[in-house]
Amino acid sequence: MSEKVKDLRGTRLSAADLESEDTITVRGRPNAKYAWSAGIAYTKYLEELKNGRIVGRRCRQCERVLVPPRMYCEQCFRATDEWVYVKGTGKINTYSISYLDADANRIKTPILVAVIDLDGAGPGIGILHKLGNVDIEKIHVGMPVQAVWKPTNERKASVTDILYFEPIEEE
Amino acid sequence: MTVAIVGVGHTSFQSTTPDISFKEQMFEAAVKAYEDAGVNPRKDIASFLTAAEDYYEGYSIFDEFVPDQLGAVLRPVCTIGGDGLLALINGVMQIETGLFDVVAIEAHSKASDILTFPGIVTHGLDPIYNRAFNVHPYFVAGLEMRRYLHETGTTREQCAAVVVKNKENALSNPSAAFAAKMTVDDVMNSAFVSDPLTHRDISPLADGVIVMVLASEEKAKKLSDHPVWLKGVGWCSDTPWIESRTWSTAEYARLAAERAYKMAGIKNPQKQIAFAEVDDWFSYKELQHIEALGLCENGEAGKLSEQGNFSRNGKLPVNVSGGRIGAGNLLEASALQSVLECVLQLQGRAGKRQVKSAEMAVAQSWRGVPTATGCVAVLSSEL
Amino acid sequence: MHVEGDMEVDYIYTAGIAGERFFVALRDEEKFLATHCDKCNHTFMPPRMYCDRCFAELSNWIEVPSVGAIASYTITHEDKNGERLPEPVVLAFIEIEKTDGALIHQIGEVEPGALKIGMRVQAVFKKKSKRTGALTDIQYFKPA
Amino acid sequence: MNVKRRVAVIGAGITLFRRRLKETGKELSYLAANAALESAGMTLADIDCVVMGTAPDAFDGIHMKADNLLDGAGATRKPYSRVYVGGGTGVFSPIGGWWHVASGLFDTCLVVAEEKMSPCQPHPQTAFRTIWDPIITRPLNPNLVWIFALEMNRYMKTYNIPKEHIAMVAVKNKANALDHPSAQLAAKITVEDVLNSETMVWPVQRLDISPPSDGAAALVLASEDVARKYTDAPVWIDGVGWSLDSAYWTNRDLCFPQYVAEAAKMAYKMAKITDPPKEVDFAEPYDPFTYKELHHMEGLLLAKKGEAPRLTAEGVTQRDGDLPICPSGGLLGVGNPIAAAGLMKCCELFWQLRNEAGKRQVSGAETGVAQAWGDLMQVGTVTVFRR
C-alpha cells in the first residue's frame, strides 16, 4: 500500500451488531412492481410453449434460427424473416448441479441445470432449463435429451410449461 | 468542441405500448437513426451508450439487455446512470478523445411496464432521512414549488399557463402523447397531489425510444448535409441532501448552463439563443429552469410566460415540442426528446411547429425527484 | 402478453457514523446534534461526517436547539404508493436554528390554513419508551 | 484513431472490505475519495469532475443510488457521471474518468467506486433474483451461481481441466491477500481445503467463490501537465478497452470470454502492445470465482486457450513467478464489493507500478493490466497502466 495510505478506514459490523439497539438502522422494502410487455417475439414463443411447441425466428442472411425468438438478428442487424419450429430435443451443452435455491439457501435435493442446444436451431443456439428423470452420475456434455411437457391443461404460456429435459434412451 | 449529431431516430411517444417489447421499440428507433445517418452499426459505429436506471426497467442490471437490438454486440457499449443528455455528453467526450469517430446514443422509457411508479420514486429518497412518512414522494416538489412561488412571487396560475402552453404545442407534434386544449382553470381545479402541486402540474408518463448518431467533425461532414453541432455542454449535480438545498433557484441548471455557455461562447443567452427545450417534469420546473438558463431574470419567467414570451410564436419559444407535459414524460429519454426537437428545428424538419430562422438552441434536462442533477447542451446548425 | 414480477427485497440501512450519533442523541437525550466545519464555517443539519465543500472530516459536534423556522410546507394528499390519504399530511422544510441545514418533518397542533412560511416551530418528542433511534422519534413539530 | 491526450493516475485510496460496514454508502465513498486525494497531495478544489462506479441499485437499496452517493464522492456542484456495466463497472469507472480528461474537457477527475451489499436481506444474492430476463429466465427461479457453474463446467469440459488446477487460484489469492490491509478473506489454505469445501453449485464449491462485501475505492486522474505538477511518478493509463456481448448467453459458447478478448485487443492496440504475455509484467484479472481468473487470463490473451490452469499449476502466476496474477489477493482474498473490487484492482496497478505495494510488491513491474467482467457473463473491461 502507498506509504501515504496506511490508515485504512471502515467500521466492521457483525450480523448480530446489525440487529442490536446500539446500531441505528432503518428497515424498508420498496414497492416496485412491473408488468413487462413480452412483445411480438416472446408472446409468440410463450403461446407456442402452451401448444407444446418451441418456436424460433430465422435470419435468412446468417441462416441461424434464433431461440428464444427475436424480431431482429443481432449479428446482421436486420429484421428476422420467419417463424420456425424447432424440435423439443437437443444435446446438453453444459450442466451444473445446484445445492442452492434462489436466495442462496442450502437445499438437500439438488436442482439439475443445463444449457440445451436444440435440434433444428442454429449451431450453439441453446436454452436454459432443468434436467429431470436422470441419473446424476450419467449426465454429460453432449447427452441427447428431450423436453417433458406439463399436461396440456396445466400450461400457462411460460417457460415452465416444459417441466424439464430428460435423457433420450440411447439404443 | 467539434462533434455533431448526424442522425436521429425515434418511435412515437405513447401513454402505453402493450404489444411491443422495449427491445423491439429500441430496434425500430435504432434502424431509423442509422438510416438517417447512413451508417451500418455493425461496421461504422465505434461505441454505443445508453441512459438507463435499473428500477425504471425492473431489472437489476439493465445494461445486459442493451446490445442486441442496437447492433452493438461485441462492441464497446455502456450504460450511463443518468439522463439521455448525460449519455450524449459522455459520447461527445468519447469522440473528443480521438479514440472514436462515430458513436450512438440511446435512451428510452417503457414506463407503462411500471405498476408502482410512486413506489419507485420513493425508493430514490434517502432511506434514513426522507422515507419516514407515508406520503407521495412528490412532496419534495410540493415543498420546492411553494418556496419558489414564495420567493419569486410567481403564481399558481402562471405555472398552470405552462401546462396549457405545452399541451397546446404538442398538438403540432405528431409524436406527442398528451396534446390537448386546456385552460388555466382546468389545471388549477385538478386535485392536489402535494399542495400547491396538482395532478395537472405533473407531466404524465409515456413510452418511447430515441436513438442518435454522433460523429467527429471530419466524419460528420462526410455523413450529413445538415449536421447539428454541439457547441457547448455542461452538467452538474447539486447536493443530494434535500435539507441542504437552495429551493428557489435550480442551481444545478445554472451551473451546467454556465459551463455550456462558456464553451459555446454565449455571453447573452436571451439574444443568442433562438429557442429552448427545458425540463418541465413539473410546471413550475419549466419556469425555474428558464431562469437558471439565463433566458430571463430570476423570478420573471412566470410573468413572461403568461405574456406569451415563451410561446411558439413568442420572443423565445420554450418547449415547442410540448416538453414532458405535452409530448410525455419519457423518464431518462425526455432529455433526448429535448435534443431531438432542437435537431429537427435546426434542420428545418419540424413540420407544422417549425420556428423561424433558428440557428442556436439550448436543451436542458433534470432527473426528477429527489435529484438536483441536470445537463445543458447548446446546439447549432452552424459549425 | 405481459409477465408480472417485482424488484422487492428487504433492506436494513445503517444510519452510518454521523447518523448514528445524531439518532442516539435524539433518542436518549432529546438533543439535536450538528457537525460544524471550522474551515467553511458551515453547520450541517442533518450532521455529516465530512464537509462536502472542502472534504474535511468533521469532528466538531455541537448541540443545537430543537427549534426552527418553516421555510416551506406542503399538504400531501396521496400516500407513498399514490393512493389517496384519508387525511392529508402536512410536511415542512424546517430550517433548524444555529445550523445551515434543516429537517423535513410533519407539523402538528396547527390548522393547515394557519401555516405560514417563517413560522417558528419546535420538536415534540415521542415518549422515551416509544423511541427507536429514527426520525420518527420526533412526533412532529409544533408552533414554538 | 489516435488519442489526443495522455492521462495519468496520481492518487489512490481504499477502505477496508468487510461483509458489513457501519458507514453509509456516502461515508464509504468519502473515506476512499479522501484517501485518494490525500495520496495525490490534492484537495477537493483541485478536482474538476467526478465519475462514480457502483453496481446494481438493488444492493444498496436506493433507486438512482449514484445520485444519493454523490456528496460523499466529492461531486457536490460538480459535473458528475455514473458509468455502469454491471460487474465490469469497477474497472470501467477509470475508463469513464479517462475519457473525461482525455477529451480535453477536464484536467482532473476523481473516480470513486462504492458498493454496499449488506443492506440486502437475507443475502445479497437476493438482489440477483432480478438480473434475469423476467420473461424467459426468471420463471425458472435461478440462482446466480448456476450460470457461473455452467460456464465453469463448459470451460473444464472443453479443455479437460482438472479441478485441482482451478483450486490453486483460491490458494494463491487468499495467500496473497494476507499482505493486503483491506482484505476480508485472507488465509493460508490448501488445494484440499478447496476441494473438500461445501459444494454450492457443482463444480463451484464454497472456496471457489468470493464473498459479498461493503467497501469503496478511488483514483485521482489528471492530464499530463497537471500530473507532473503533483508527482514525479505518474502512472499512465495507456490502454482502455471494453466490449459487451449478446444478452443471449445460452446462444454463445461459454468456453472462451470473447468479450474480454475484444476489450483486451482494443486496450492493447491503444497501448501498442503486440505480444501481451511478453509485454505485460503482471495482471489483475477479475476473479469473483476461481475459474474466472483463468478464463480471463485467456481472454486477456496472456495465456493460450485452456492453458491458464497449467501456468497456474507451474507457479508462473505466483507473485514471484514470471507473470504474477492478482498480487493484490484479488476478489477471492481481498473481498468483492462489486464495483469497488474492480477499482481495487486498478489501485493495485497504481501501487505496484509506483513500487509502493510493500510486501505485495512484484519486481520489475512496468506494465500492468486490470480487467473486470459482468452483466450476464457478457462484458469485459480492460485497462493498461504503465509507469
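Letters A, B, C and D name the chains as they come in the text, with residue numbers starting at 1 for each one.
Please note the rule applied: a residue touches a chain if its C-beta (ideal position, glycine included) is under 8 Å from a C-beta of that chain, and two chains touch if they have at least 3 such contacts.
Given the structure is predicted, the values throughout are model-derived calculations rather than measurements.
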(message) What's the farthest chain from chain A if centres are computed as the mean of the Cα atoms?
(response) C
(request) Sort out for me whether C-D or A-D is joined by the greater number of C-beta contact pairs. (result) A-D
(message) Averaging over Cα atoms per chain, report the distance between chain A and chain D in Å.
(response) 26
(request) Quick one: report the Å distance separating chain A from chain B, using the average Cα coordinate of each chain. (result) 36
(message) Need the CA-centroid distance for the pair chain B / chain C, whole Å please.
(response) 31
(request) Specify, in ascending order, the residues of chain B that touch 2 or more different other chains. (result) 18, 54-55, 58-60, 67-68, 73, 113, 115-116, 118-120, 122-123, 127-128, 131, 239, 241
(request) Enumerate the residues of chain C that touch no fewer than two other chains. (result) 2-7, 9-17, 19-20, 52, 80-81, 134
(request) Pull out every residue in chain A that's touching 2 or more other chains. (result) 11, 13, 18, 23, 26, 28, 30-38, 42-43, 46, 74
(request) Classify the chain contact graph as line, ring, star, complete or other. (result) complete
(request) Spell out the residues on chain D that touch chain C in their complex, using ranges where they run on. (result) 21-24, 26-27, 30, 33-34, 37, 43-45, 58, 61, 71-72, 74, 76, 118-122, 126-127, 129-130, 134-135, 138-139
(message) Going by the contact rule set out above, which residues of chain D touch chain A in the complex?
(response) 12-18, 20-23, 28, 31, 35, 38-39, 61, 63, 118, 122-123, 125-126, 129, 134-137, 139-143, 145-147, 149-154, 157, 180-182, 198-204, 214-215, 246, 248, 250-254, 351, 354, 356-358
(request) Spell out the part of chain D that touches chain B in their complex, as residue ranges. (result) 1-5, 24, 52, 55-58, 61-64, 66-71, 75-86, 92, 96, 98-100, 102-105, 127-131, 133-134, 240-248, 258-259, 262-263, 266, 270, 374-376, 378-379
(message) Could you list, by residue number, the parts of chain A that touch chain C in their complex?
(response) 11, 13, 18, 21, 23-38, 42-43, 46-47, 157
(message) Applying the document's contact rule, which stretches of chain A touch chain B when the two form their complex?
(response) 26, 28, 30-43, 70-72, 74-77, 79
